[in-house]
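Chain IDs A, B, C and D follow the sequence of writing; residue 1 opens each chain.
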Amino acid sequence: MTLLLFLAILDGLAYAAQVFMVAVGLTLIFGVLRILNVAHGSFFAIGGYVAATLGTWAAATAAAPVLALPVLLLAAVMVGGVLGPAIERLVLARIYTKEHVLQLLVTFALFMILEDVQKLVWGVQPIFQDGPVRALGQVEVGDIIYTAYQLYLLPGVALATLFGLMWFLRRTLTGRVIVAVTEDREAATAMGIDANRVYLLTFTVGTVLAALGGALASPTTSLVPGVGVNMIVLSFAVVATAGLGQIEGAMLTALLIGLGRSVAVYFAPEFEVVIPYIIMVAVLLIRPHGLFGRPELRRV
Amino acid sequence: MDRRLTLPTLAAATTVVALAIAAPWLKFVFTVALAKGLAVLGILLLLRAGQVSFGHALYIAVGAYTVAFLRPAIGEVLLLLPLAATAGTIVGFAVGLFVARYRDIFFGMLNLAFSMVFYSLLEKLYAYTKGTDGIRVPRPTIGGVTLDPVAYEWAVLVGTLALALTLGWLVSRFLASPLGQALPAIKTRETRLEFAGISAKRVLLVAYVASAALAGLGGGIIACTTLHVTPLLSYWTHSGELVFIAILGGAGSVLGPFLGAAVYELVRVYAAAAFPDAWQMILGAVLLVIILFAARGLWGMYEDLVLRKDRRA
Amino acid sequence: MTAPLLSARGLKIAFGGVKAADGIDLDIAPGEFVAIIGPNGAGKTTFINMTTGYLRPHSGHIHFDGAEITGRPPRSIVRRGIARSFQIPQLFTEHTVIENVALKVAAHGRFWRPFRPLLDAGTAAAAMRLLEQFGLAGVATARATELNEGTRKLTDIAMAMALRPRLLLMDEPTSGVASAEKFGIMDTLVAALRAERVTAVFVEHDMEVVERYADRVAVWSQGKILASGPPAAVLSDPAVLREVIGVETGHAHA
Amino acid sequence: MAKLTRRTTLQAAVASTLALPALLPRQAIGQQKPSEIRLGISTFLSGPASVFGVPGRNAADLLIEQFNRAGGIGGVPIRSIVIDEAPGVDFLLGECRRLVQNEGVDVMLASISSGSCLAVAPLAEQLRMPTILWDCGTQRIFEEASYRYCVRTQANAVPEIVAPLLYLMKIRPDFRTLAVLNQDYAWGRDSWAIWKAAMDAVKPGVRVVAELFPRFGATDFSTEITRLLALRPDVIFSTSWGGELDTFIRQAAERRLFERSTFVLPLVESSLERVGKTLPEGVIVGGRGDHWFLHPTAKDTRILKDFTAAYRQRFNLYPIYPTFHMAQALYGLKAGYEKAISANGGSWPSREQLMDTMRGLEFAHLTGTMKIREDGQGLEPMLIGMTKHVNEYPFPVIDRMVLFPPELTMNPIGTKGLDWVRLLTPASVQRAPAEIPYRA
């Protein structure tokens, strides 16, 4: 029983790391732009596809094991660096003044378009590139075999991302500007902050993070049409549960979901699917603005 | 009702019937479109209050599965449809009590959560729902009469058209009432509403339950038309589709949802026929263009082109 | 003296370390028109917020017409007959002026009837009568976003009056209004209040306005009522001048 | 450019709507030899199931070209119109109506999803539309209703599950514990229900140590795999497919789950090329029927070799079971038309004549022959085997093959599959034919 629980926690942590990587970019974007980006799942999928493509190329070179991991990061930066600014400047920048529902729907339109783009570029055959997992090898816990990728790398990257972002947002000038916009957009722009640059930067960083989530997932899972669709709902649940733009909240939520899910798989498999939603409803019942969210005071 | 709507409404209704006579397959497409239009009419109510539900496919599924579950006991459309609307109302009230307290992203996401839980239930409760295989609905009677398939399809189309006209008229009346006018007030100055002694939560709840009832009815009609229901009806992309249609049609008029639904279905059919591998991309591009260049939707375009010209003349 | 319409006793509230109210006792008699003055951030608006239920005092009690209303939600307090206006007018920006007022008229009456138009004959007439009283009939069909600040202020107050209150709390009715307009606004306002026999309290920075219109002035400083009485007496009190108005005028000229 | 295309599309759309009245008489007469056979095909072109849908469509394109080069069917060329079943039943049924009533389609090949087939079949009856169910697996469809205008040209869930069970009993009769990991949707649940009922009949007392139904579309099975590693069941049964099966296999291989349990994967034939030799030897393989590009009795025939070569050349992949299912549907249709034409004295058959001929039809396809039963179900043998690594291919091939005849695995007319499997006995296993080893 205790062994089972211990294993469940290990699995939960690994899963939480993946959930966090999927949701953190969305949380950041939502906090600053107040746009719930439905296309986030598409960035995830494209990040995965590009990583797999690059990985297949890297595997053919002599330096295969060395290249396996850097290729993931490269893919994320490439996808985020191209798609992020392009979409923010060409599409989102035109709708910042419009109603929220239109902003949401614009990203829904992008999602529909990118969904077919993936299909046209990468086809419908599942793509799998597990070079990075092989490069890192296996770990034994008791008599259970884990992959080092899952046990060390994923949680490691998630923690690095969390602390990196916290450092960036709190200690750097750019980061503080972003936080200022998150907390009070009007006051920040009144103080002379160029909101457009903040939006561009945030959206790009968020897109890179989404693509990184996909790139990190690609060695462990098959990329198929629709792989981004499922990610969207999950990351939405994380964002709402965490509270608007709360990076630490996203981590805590990811942990809750990860552990909740793995405990469910062990002890009540039937509930696995609805775990994120149950957690979300429960949290919002008690804290209507999310785990770390504060009510936005309406000035009277 | 706004007199400016009378002419386009009659023209649209006539067009639907005329096209359905010319091309029989459109009977089905239009019936489904009008049924979705009813659900979108409910979305419109929430949009007036500035709230977006990303989970209203839940109520379509509730209505549709109500018909599917009751069909063995009740074989009459005139009973099944009110029951579908009632089921939508009941579930809408229960969920609404909870979600009406929330706004914006939380409102949207909680609706999404409820619809996804329902979707999972439809798959999980395999013994009752047959999971993704879905449930067959034998063709019911209408007014006690067993109709042949073609007559049945006509009856359902005309009945749905009549329902759309009646409910569209009622909703436009509702929107002009103090209660309906309080919806945009929730969007712009919710606190002021409270300082007028009105519970914004209760106003939103009324709109929410109405929207659930409309979607439940729409779902019932879909079940009576497709005669087969599957859990996919409640999947979140279908909720997104409803919001899509609302924006495509334009939130400015009760005619918007039906216009949007008809155009949506036709664009999808022809996009799928012309580009079977990329119809989704075409729909997405249409949506993108509408939002960027005609944010008030098709109805807004119509207003700009026709009504403004009238006023100038 | 008749029983006060509104009676506050020992109200305390603090934000962070700042004591906005530190033992406030204040009575408002029926029919009075009372001005509250004091330096910025002294807690004057907080008093309105506490009285209308938007904020809950940390301690103390508020009675209205003999009944305790402390900490009740805004909705219930409004129904008892207290309405308020806002320093920054809170209009329904998607509606026209008459619709704004009519919504408030309807809020008091047949709000929950779903299929009767907002602007049916009865409600429209009542709203129009108020608009005429406030000199707003000319902008009845203008959108709330198209108005100048003075008209917005008056609309905001007309909306509060549409609730047929017995006590009206106004937050700086003339702030942001061109000084040429302010007396016109106040004349219109006072006439309307007298016609409807509404007791009113207003927070004000403009001493000319206070002197000319208020029956009584209460001076709010550092969470306490420093002085209270007829304008002529209070405004000539050197302590008040030093504590409040000195700061105030200095502030205004800065 | 884009504008032009859209306008052309719209014009075509309007024109086709208006042209409808002209099409109606053609259907009404019917008996005249048409200028072409219009074939409507519904399949998944988007979403996860396009893993099967697109190969099916590709096979159709390839074979229809081949047929047409050889004169079509009875001298009439075939033209296909493909529609996407992914958006759901309300869309699919609208599309079917459009194909039948507007495009004047003569025959429908319906659907991969069982839900789609269950919805299309009644519509086919209503529209009197000859319909071949080309890939969907549910046995319920002909058990719960009878259809005049629908037949299926492949087996169904019952033999697809009973055959691997009998194979497991033959190869490894001593197993005591079993775990299941299926996708959480109708097929996953149905296939487990059949397996469980059949297993309880042929080998009572097997302990089921875990029933895992991860969400449809799950991307990570590591928690489930940990659990399976800890439980050490003798057998792990999974009817998953597509990307999820690939993921499960990779993750299980990385964590050496294959070393601890015997895997029974009745659909893994469709994943072999993708997962490659990550899938170890000794895994029990199925492919939903009597087909494989190295089918033991057909591998040296011209027809299969040509098809495999042409398919590989065009799509750069080996054919998998949905391509064979599509081939069965097309060969079945061709055989049905040809038989009906000759029975009709050389003149073109009516829809009813065609469908009457289809019942009881025995026809040859790429890898063998099969029969359509009177109730519409297809009687197709089941090829089950075990993975083996060889040098000629970069992925596992199937060794120790057993071809289970339909008599052993298929319930008779008038019975329900789920009831019938409970009547299986340990003796059923003894009647299995001999193994056929893999030959290069």
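By definition in this document, a residue touches a chain if its C-beta (ideal position, glycine included) is under 8 Å from a C-beta of that chain, and two chains touch if they have at least 3 such contacts.
Being a predicted model, the structure only gives us computed values, none of them experimental.
The set of chains in contact with subunit B as well as subunit D comprises A. The greatest centre-to-centre distance from subunit D, using averaged C-alpha positions, is reached by C. A summary of chain positions shows that the Cα centroid lying nearest the centre of all protein Cα atoms is that of chain B. Counted by C-beta pairs in contact, the busier of A-B and B-C is A-B. Averaging Cα coordinates per chain places subunit A and subunit B 32 Å apart.
Inter-chain centre distance (subunit A to subunit C, centres taken as mean C-alpha positions): 49 Å. Inter-chain spacing, taken between the CA centroids of subunit B and subunit C, is 44 Å. One finds 37 Å separating the Cα centroids of subunit A and subunit D.
Contact of a single residue of subunit D with at least two other chains is seen at positions 46, 184, 215.
Among all residues of subunit B, those that touch two or more other chains are 120, 124, 191, 277, 279-280. For subunit A, the set of residues touching two or more other chains reads 115-116, 119, 229, 270, 273, 300. Contact residues on subunit B toward subunit A in their complex (touch as defined above): 47, 50, 52, 54, 98, 101-102, 104-106, 108-110, 112-114, 116-117, 120, 124, 190-191, 236-237, 240, 243-244, 247, 277-281, 283-285, 287-288, 291-292, 295. Those residues of subunit A whose C-beta lies close enough to touch subunit B in the complex are 30, 36, 38, 91, 94-95, 98-102, 104-106, 108-113, 115-117, 119-120, 229, 233, 236-237, 239-240, 244, 270, 273-274, 277-278, 280-281, 284-285, 288-290, 298, 300. For subunit C in complex with subunit B, the residues that touch the partner chain are 52, 54, 73-76, 78-79, 83-84, 86, 90-95, 99, 102-104, 106-108, 110-119, 123, 159, 163.
Taken in their complex, subunit D has these residues touching subunit A: 46-48, 50-51, 53-54, 184, 210-215, 217, 219-220, 222-224, 226-227, 229-230, 242-244, 246-247, 250-251, 254-256, 274-275, 317.
Touching subunit B in their complex are the following residues of subunit D: 9-10, 12-13, 17-18, 20-21, 45-46, 81-84, 87-91, 93-95, 97-98, 100-102, 113-115, 118-119, 122-123, 126, 138, 140, 184-187, 189-190, 215-216.
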